[in-house]
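Here it is, the structure, as structure tokens.
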């Protein structure tokens, strides 16, 4: 059930059955030679909607632009400053909580968001406590990265072994190829598998990872792999969501 | 050309041909008994993409949640505070400007965004000037409301006459019915045409407009009307975009 | 009744009779060759005080500096960033609301303020709701531009026809000539009527409108015209104020 | 020379002769039984303009609302939060500095502003340094309280002895009686001289100082005393201003 | 070499030999029945200073209060909101960078800080880029948790096995017992090993972990264990610091 | 009693006996040729702890970095922007107030902090009032500078006469020599007593006071003087603290 495709009366009815909502969060940033700039947003969205379909959960609008300061030397990358992303998440959660939502389950497509999102959770808890005092609702926020579960890890390893890497991975590119088959890009890459390694700021990232990939061979991406990855992710994350709702 | 569906190399190539980008902005808020909560975001997105197709312009990610403080008494509505929306827009435009984008054309789906977006433009100009001094790029931002042009006005009037109203209008509902035919809602409404009139804050809005509509009869919405409206809007706004790029 | 010229006991007594307050807001920015930098603040103040005299309303202190980022290439112009202006307005309204003021009627002298002021209204409503919950007072804010009413429009047209323009207009210059007869400037202008047209940021404004005027012939300003304009504005806006207070 | 009553060309000409500007800052807050709510703003303004006349300095718009959190239990008092006042002052000074102003001389009417204004000076210096780097102009800000100079102290003592007190003083009330003779209030006060003493927040202030005065006997105020005080202040502060401009 | 115990001339001399600085960051929050409220700050400080002694690195002042929103139901806990901590870290790093420091090595004592600190790094990179443009220095920030290295992990396991837990651990309590032998607390705890498990906000934390411990048996803490843990941590982290400085 | 060396149960017990807490605040900034960069933090800490010992008061963690924008031309100086320091203090006081602390006694080591700290007090009072309404606890904050009391003034004068100066004073250097005897620096200074005088921003400070001292002869500092100064300060400030707690 998508919030954007519901009426307010449907949202009101849903809230009588559940206090949970799934919020996809991605990024708009370079993903190497054949990865889409929207990869992280698109992956989070397709998987979150799958989880919504599987569990009956409400799925909110996707946050398309996240924290991508380190990608800013590559054309087309967009970023919120961490402080802006925190403010945005605070407004999202606190406004939804006015209607009775209390369980906020973020499905994340971008490792670079994790710190800011987790920081935001505590900004939210602090505001909820400060503004609402003893009557504050019991808000709970959690973040799952779509690729961090046993099912997806196993499948990524099976499909791509040590060529998965950590940015512009064949797994995430496969997911977008499956979901957006009209936007599959075929680009020669040299070397097939990019160098791995960390980075600091945007200039440092570009210097170390000149075509944008980190440790990955996204030329191996295939839409049929993407389909399997989506299915694995939806299955695993649906169980995580149910478990989250069921916590005491 | 959608930014989310492009690679960074494609974005870089695009920037050699144009400094313009289209940014759809909507809202996630109640739209009356049969209107989707995502109406404003969905309308802005479908029309902006149409303009992108017609003009070859790059279309960035849709801003799904806008300024909807006054809708917060209806379940499912989300809002950014104006100050958060301004910060978000500043980050969007300034990060895109790092790559060379200089013409920012917002296609807006929600009247409630206008003030914050226009305020943001001056926040952006001030920051651009403060941070970059004499070398500041010549940034230009503009906002068009998809329904504010002669073609769409004429067609809305032809289709709905004085039952168009100003919120949860049959025009915008028609557009979403056309674009999302699986999400057409059929809801009885009483009276057919809601009372018109202004409002102040969220409680006042609910008091005056108890089912969320303002002056409108969205029961008249039809997907085929939506198609015509989209075509009219795309035509008119494509010309506005070309004109914006062509300004001295 | 001016707040600055009242004692706190008088303010307390006033609040037993009315919850309304008029707040003039202007700008400190260039107004062409013969317009005063304070034009917008001075016009808003003189007219707001006239409305206060006519209606018995409390008139608060004038906000002299507004949002004038686009005028910063002309000496003497001052500006608040939109985000600062929003913070200021939030503090003004929320502090007055602690005493029981609930109807905030801004008399505006500067088109450039409109977006930030309207954005501020929703920032205020959001804060009022967040901080005060179910007990929040019913705050209502509105903005009127002194020149946007039938009486003033008609008179401006009668006096100046299509030489009124949109910045540094003969109407506003006339008002300041009437109110500050010792500060009438006589400056040759070439051409008599400046070119019309829009603008983006400060550099763009200066490039398009090199002497600061937009579409206007302020050489036609006369103090006696100013007197008539003030009278027309006071009459029209007094009715708007009464109507605002009388709303259900 | 008042900025509000000048044209931009006059401001530009002035800047060829001086980099200095005087900025009056007051407060809108209760001033006891017979003191005007605008006392601090009005005193600062009349004296600052006198200094401008005496020295030929440019005088900017008065900041009418300052930091008066502790007065909020008295009707009609308005306040900016310290953080808002700091943002406002930063915008004032940085925008004026774009035109070449470099010496900012604040004439203050309210003790409660001092901390926030001095904090703002360092916020400004930090921003100037951060934004403009090695080319940053040499900005200098100073604050003078109109009553803190030998001439005014001597005269206050001569006129009111130990009945001057520290808030709603006969001196400041006299100044407003002189400047606004139509707004002289005659109110019985019991006791003639209020109790002295400190305070913490607004509730504490009201508890300790129930009619708003601190240690003062403002019933002794007379317009003719006000005239002498203004003259003394203008003389002393004019010398301070000249000295400020003349510093190496 | 401690910054607080150096003169500015010594700091200047140091900067000719190294661009690195170590910044301890802790928290002021409950640490169970026998743990000190300052545990995280004290551990970070003692270990960071040990690393400074071992490597000759400059060690800056300890950040004593971190992000502890979730501990606020226990007396004496203090917290910065994440947004405040980010602002603080931005100011720390950017002000140190003005002198030439470029490598910022945070030794962290509190898991709850990680998200906000990592978010801050990108806020800093973004500001450095925005403010300083092409001439921005190559700033690099990293965070190490003193307990997350092979040496400390091995020793904790050897000493406490599965009674280490994750908050108010016997390891951290041992470190403070070693460093502050006069402040060793002996408190009966029931059960010896607290229940493990996650938490959301402060109320939820207290509900799940009523005496403040998570999965730990801090009654096992001993000063002599603390000594060994400090030595292990200093050794491991000194190598991490050297490696950080040595990165290309 | 140090908060960092207490358990939460001890803090809870303390709160049954007192609502007071002492918070040392210093700065990390140049202190001339032989003064430690940490002078202000170290002096505030040693004296605050002495007061805690003498009165039984709880002493919180020292704020080591304050407002030192004007020292940024000297290596090793760190600063918070005033707005950041205000946010930090707000979080400190409001989080402590959640446990029942209501009397906040800041022992300050740095004149440059005064304005920001005092501004913060009103930011805190405003937030307390806004967030907590009629139930807001009666928070009281005060600041004492350790050198501003009759005992210390008298002793400084006796020891150093007119060579005390106002920055990098022999008194404060003596205190750190007493407290940190291993960090006594012996540096030739020319002239013995530095020139006095004010300053504006960081560049101006360095230009006027090239070795960092203002009007002082810190070569006269001796640890035995420091001991006497600490004793004098502890005695005087302990009485101030008791008096603060005892106020009606």
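To keep things simple, chains are lettered A, B, C, D, E and F as they appear, and every chain counts its residues starting from 1.
To be clear about the criterion, contacts are C-beta pairs under 8 Å (C-beta built on N, C-alpha and C of every residue); 3 or more make two chains touch, one makes a residue touch a chain.
Protein identities per chain, from UniProt: A, B, C, D, E, F = Creatinine amidohydrolase.
Since we're looking at a predicted model, the values are computed, not measured.
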Intersection of contact sets, chain B (Creatinine amidohydrolase) vs chain E (Creatinine amidohydrolase), gives A, D
Touching both chain A (Creatinine amidohydrolase) and chain E (Creatinine amidohydrolase) (chains):
B, F
Greatest centre-to-centre gap (Cα means) from chain A (Creatinine amidohydrolase) is with chain D
Chain pair, A-C or E-F, that carries the greater number of C-beta contacts:
E-F
Which integer distance in Å separates the CA centroid of chain C (Creatinine amidohydrolase) from that of chain D (Creatinine amidohydrolase)?
24
Inter-centroid spacing, chain F (Creatinine amidohydrolase) versus chain C (Creatinine amidohydrolase) (mean Cα positions, whole Å)
46
So, in whole Å, the Cα centroid of chain D (Creatinine amidohydrolase) is separated from that of chain F (Creatinine amidohydrolase) by 29
So the centre of each chain is just the mean of its C-alpha atoms; given that, what is the distance between chain A (Creatinine amidohydrolase) and chain D (Creatinine amidohydrolase) in Å?
53
Mark out which residues of chain F (Creatinine amidohydrolase) touch at least two other chains, giving numbers and ranges.
72, 79, 81, 83, 87, 131
Which category does the touching pattern between chains fall into here: line, ring, star, complete, or other?
other
Dump the list of chain pairs that touch, please.
A-B, A-C, A-E, A-F, B-C, B-D, B-E, C-D, C-F, D-E, D-F, E-F
Residue ranges of chain B (Creatinine amidohydrolase) in contact with chain A (Creatinine amidohydrolase) within the complex:
2-12, 15, 28, 30-38, 41-42, 60-62, 64-65, 72, 74-81, 83-84, 87-88, 90-92, 95-96, 98-100, 180, 183, 185, 187, 212
Could you pull out which chain C (Creatinine amidohydrolase) residues touch chain A (Creatinine amidohydrolase) in their complex?
130-131, 133
Of all residues in chain E (Creatinine amidohydrolase), those that touch chain D (Creatinine amidohydrolase) in their complex:
94, 131-132
Which bits of chain C (Creatinine amidohydrolase) are touching chain B (Creatinine amidohydrolase) when the two form their complex?
67, 69-70, 72, 79, 81-83, 86-87, 112, 114-120, 122-123, 125-126, 128-129, 136, 138-141, 200-204
